[in-house]
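What follows is a set of structures for review.
Below are two complexes that have chain A in common, paired first with chain B and then with chain C.
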Partner chain A sequence: MTDTTSTRRMPIGTRIYLYLSLSLVAAIVLVPLVTTALGGFKTLGDLRVNPFGLPSDWVWSNYVDILFGERYWRQMVNSLIIACTTVFLTLVVSSMAAFCFAHIRFFGANQLLNYFLIGLMFPAATAILPLFIRIRDLGLLDSYWGVILPQVAFGLGMSILLFRNYFRNLPEDLFQAAFVDGCGYIRFFWYISLPLSRPIVATVGIVTFVSSWNSYILPLIMLNTESKYPWPLGIMVYRGEFGTDWQLVLAFITLTILPTIIVFFLAQKHIIAGLTAGAVKS
Partner chain B sequence: MASVGLRHIAKSYGALQVVHDVSLAVEDGEFIALVGPSGCGKSTLLRMIAGLEDITGGEVLIGGTVVNAMTPRERNIAMVFQSYALYPHMSVADNMGFNLKLAGVTKPEIARRVQEAARMLALEDLLQRKPSQLSGGQRQRVAMGRAVVRDPAVFLFDEPLSNLDAKLRVQMRTEIKALHQKVGTTSIYVTHDQIEAMTLADRIVVLNAGRIEQVGTPMELYRTPANLFVAGFIGSPAMNLLEGTIDADQDQPVVRLNGGSSIRIAPERRVRRGQSVRIGLRPEHLTATGDESIGGQTLLVEPTGAQTHVLFEFAGQQMTAVVDGDHPARHGTPFRAGIDRNLVYVFDGESGKTL
Partner chain C sequence: MTNMTASLGEASVPDAAAHVRYKSPTARGRLPALIIFLPPALLLFTLFVILPMGEAAWYSLYRWNGYGTPTEFVGTRNFQVLFNNAAFSQALVNNGLIILVSLLLQVPLAIWLAVMLSRKIAGVVAFRLVFFLPYVLADVAAGLIWRFVYDGDYGLFAAIAGFFGVATPYVLADKDLAIYAVLAVVIWKYFGFHMMLFIAGLQALDKSIMEAAEIDGATGWQKFRFITLPLLGSTVRLSVFFAIIGSLQLFDLIMPLTGGGPSNSTQTMVTFLYTYGVTRMQVGLGSAVGVVLFVICVTIAFGYKRIFMRHD
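And then the complex of A and B:
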């Protein structure tokens, strides 16, 4: 059954209600995005008197100056280094841990899993002070690792949960066939589980990447040198002691969220497939 | 190739014992079928031989060596699963060669052996396909190819034909038999389908509730079942069973049936007057020529082509007879058949043992 056929069968009243609801949700999501993007084309004065309308004069230089400035690209590289390393470490650690929880029975497995899952309940911001002290003690302040390691740690709970559920839904016969073929746990993980888990690898990878990409508080606390700032901290440059160039802030924000939106559109099939994996018997 | 031995094998899940003191000797090159109803422990037994299930008690021997502590790989067995268990992300060739790759065999040697097995199983044109691009029968052949390619000491089959349709099942049954005759590897085959067991196996092991009921060739089990369970399990359609009591008529033993009728039985049966028994009449033994005549109203006629199954009422029970395909039996009309008294099976009413 396709969405098209199910929509056609709906009564007209239901369809009107459906489209109005969806339009409302779309508007709630799109209005801030469009306002931000349009704000980047305005002058500061125009922005103050006309925050939501179209620009009186389209000021392209806001975007052009940022795109042709060295800072924008350097911060993008910083963001990429931090996000890619975070994704890599999260995938490696969480997939291996989840495999153990899915396939190996050991004393205290449930308690250990619950311990990881407790991490889901604590946003990084609530633990920022002890985290800062620990990172300082480790000598990792003002380094990429000071941002990467906490991001990996805070992402593990959700990643392990997603991986574990996916691994558990792989057919038991495959595991036994591989065992008969000569696999141990490590070879089964490497040759069978991981290649069959591409949707969940993509999901965890993308969710982790986006989370790291948008992270603001953690880099703000851990990084001091401007040359190490990732993109989200880039807007700080436009904030002065006595005023802020809001039109540049908005243009910068637009340019930094654009890649994330493009990646999401390209990969949304994998993200949704991974999030719903195991929900129904295939 | 190797012999397989089971010595006093037991399996428990906590307090629940599912396999009780099973001992069995499988000869080198023999094809053994383990049959029994669902939950009788046949798959558990096979998985213990494979090393996929811990053994609670007893010893498993392959080639004379106790293998209890060995991994499946070290036991040098190959297993064909009910679900085929092919790796979906690998091609047919990769599926077949995977165990050789893990064993560190060189690529040219893997290719040669995969090609050889593919030729044997008519899979040569499918080697580059993924399992999802194959039919059920082709997947089953790949699963067998994966087992053949490594030249194991023992083949283990866990209900490999259960997922196939009836026609393909018959075809694959023939292929498995042909394969065994070609390679001659010791094979242990689990099935709940007694026809599969009868047609494939050199010997059949009938299991019930985790115990061996009888071991023998297909015809031994058919002709001389050890007890009521084996008699009821082997043969299709199933044996007709009637309750009665031993009596004598002109110094000849007879069974007085609960409905008031009586049937003479062979004088060699070790029975005593007044003994409560159950008698078994195979549907195909109910013919027009037998000396013991039974009959009743026809309830159902099932033509199958060469033969017709006639369900009729006798001694208050529903009976089945297998007659010629052109037999004129019709619903509601009287049906009569005879049976040779030597073909009337007699079982003890309490223990179920053959008398």
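And then the complex of A and C:
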């Protein structure tokens, strides 16, 4: 009630100032994205004289050629395989470990938790050379596993922390009841903790998926067969090949970020909450 | 609450064994659970995070091309080379510059937008969505898009320069300008994330303080300066912390824009590590960069938390 009245009381000048400022920032965000998408519909000549406006002739072939080619889809599938496996492994491994830290008393539990939290303090790039040598010596170079396993490992610190805090806040009565009935830890984890933890599974899943889907440095170093490249690596190669044929590069960029944008708009609430909560809570 | 259920439980389970089991907080299967649940995480984390970090410290004392075992011990020479290297000094300066710009431009911008978007006006949700969008996009894609924007022949900068009839600036090819162009993209990419932090922080504020101030006749600026800003303190510290950590690992965004060039003017520590350590397989030198980065990150993580965030 008070809110609506204060809206009405807002002077017209304030309102103009607000909308002008917000629209200006929105334009700065959107113009590069929109011109990229439109640029994919232009010829190179058209792009040169008219980078801002609508295409003088809508050229569909840039997009159509990419969509009917094998390259784009292969990269998308590669990224999807890597991201889904990473998410699955992260969820399984970190929820199990977090369960121990949340509910089981054992010698050195705190020290062990702190050990995992060291991972929160430095970026994966720090140890990228020794990591490369380790992956090479394990024979995992140029395989998806060479990307997936380090990604899972580097996500563990945050995921374990998020899961542990969530498990700890589940109502304690549950345990009393279950344990009295003779339920062991493993069954408790599987039948009670996990089913009750959907929100945190979603948070960890979203954070892990987004960072894996967008990741560049690990695949760049671990993979060297082009048919295995995930899309961020793929667009860099594509841009290297087609150089100044910007209309093709722009169409390719647009198609590669399109899934992200669509999913973002469909699941915006969860994604924004997941990405900010994931950062804040850890 | 717990006590209540405890007494209920005791009453309904007269059996002595159950009573004992009940009193101790452990259930059956403690050891099997630990044996099954902990090792996967422990193994992955040790193998791919902790050991490589330790090895980086070890390798940094050697000159090594990555094959066989490191034998050529050079002591601290890799570090001496590093700190006498102009490109690495530039990388350190650039990392510092990115942090500075985050503090002076990005955080205030994020607060300004968050305060505006906390008002009840039409279209708030749409604006939030648009401002957060760049954060969701991959750094590589954002970098390539801006490479087009900055392109002197086909890009938006060319068109703008053409419109005003001035010579087209090749921003990313100019070693004095390129770093500022990169900084602009960093802000474009990340301000939405910081804005969301502040929106969340503002929502958590106690509304009654604001109403009291309104009754006392505080102006908009006074309310912001003396109520909102001090109460947002913990969010500001959090946002600054993320800005620092994020800037230290900046790599994905630089590669498509400039690759660290022209003439090393846009190197960061990680692009330097990649260019001089990874592509040339100078494991010792690259590991030394890793060690420096690690020391900086850990110092900041501990120091910052201790000094600025101890009350949060």
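Just so we're on the same page, the second predicted complex is superposed on the first by the 189 of 282 C-alpha atoms of A that agree within 3 Å, B and C clash if a C-alpha of one lies under 4 Å from a C-alpha of the other, contacts with A are read in each partner's own complex, and residues count from 1 in each chain.
Just so it is clear, a residue touches a chain if its C-beta (ideal position, glycine included) is under 8 Å from a C-beta of that chain, and two chains touch if they have at least 3 such contacts.
Predicted, not measured: the structure shown is a model, and the values here were computed from it.
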| item | value |
| --- | --- |
| Partner chain in contact with A:253 - chain B first, chain C second, else both or neither | second |
| Which of chain B and chain C A:100 touches, first, second, both or neither | second |
| Partner chain(s) touched by A:192 [first = chain B, second = chain C, both, neither] | first |
| Touching partner for A:126 - first (chain B), second (chain C), both, neither | second |
| Partner chain in contact with A:180 - chain B first, chain C second, else both or neither | both |
| Which of chain B and chain C A:243 touches, first, second, both or neither | neither |
| Per-residue touch tally on chain A - higher for chain B or for chain C | C |
| Which of chain B and chain C A:156 touches, first, second, both or neither | second |
| Chain B versus chain C as contact partner of A:13, first or second or both or neither | neither |
| Which of chain B and chain C A:108 touches, first, second, both or neither | neither |
| Contact residues common to both interfaces of chain A (with chain B and with chain C) | 173, 176-180, 182-184, 187 |
| Chain A-facing residues of chain C, complex | 1-2, 5-6, 9, 13, 18, 21-22, 25-30, 32-34, 36-38, 40-42, 44-45, 47-53, 55-56, 59, 66, 112-113, 116-117, 119-121, 123, 127-141, 144-146, 148-149, 151, 153-156, 158-159, 188, 192-193, 196-197, 200, 211, 238, 242, 245, 248-249, 251-252, 255-256, 270, 273-274, 277-278, 283, 286-287, 290, 293-294, 297-298, 301 |
| Contacting residues of chain B [partner chain A, same complex] | 47, 50-52, 71-73, 77-79, 81-83, 85-89, 98-99, 102-103, 146 |
| Chain B contact footprint on chain A (complex, rising order) | 171, 173-174, 176-184, 187, 191-192, 195-196 |
| Chain C-touching residues of chain A, taken from the complex the two chains share | 2-4, 6-7, 10, 15, 18-19, 21-22, 25-26, 28-33, 35-36, 39, 44, 47-48, 50-52, 92-94, 96-97, 99-100, 104-106, 112, 115-116, 118-123, 125-134, 149-150, 152-154, 156-157, 160, 172-173, 175-180, 182-189, 210, 213-217, 221, 231-232, 235-236, 239, 244, 246, 249-250, 253, 256-257, 260-261, 264-265, 268, 271-272, 275-276, 279-280 |
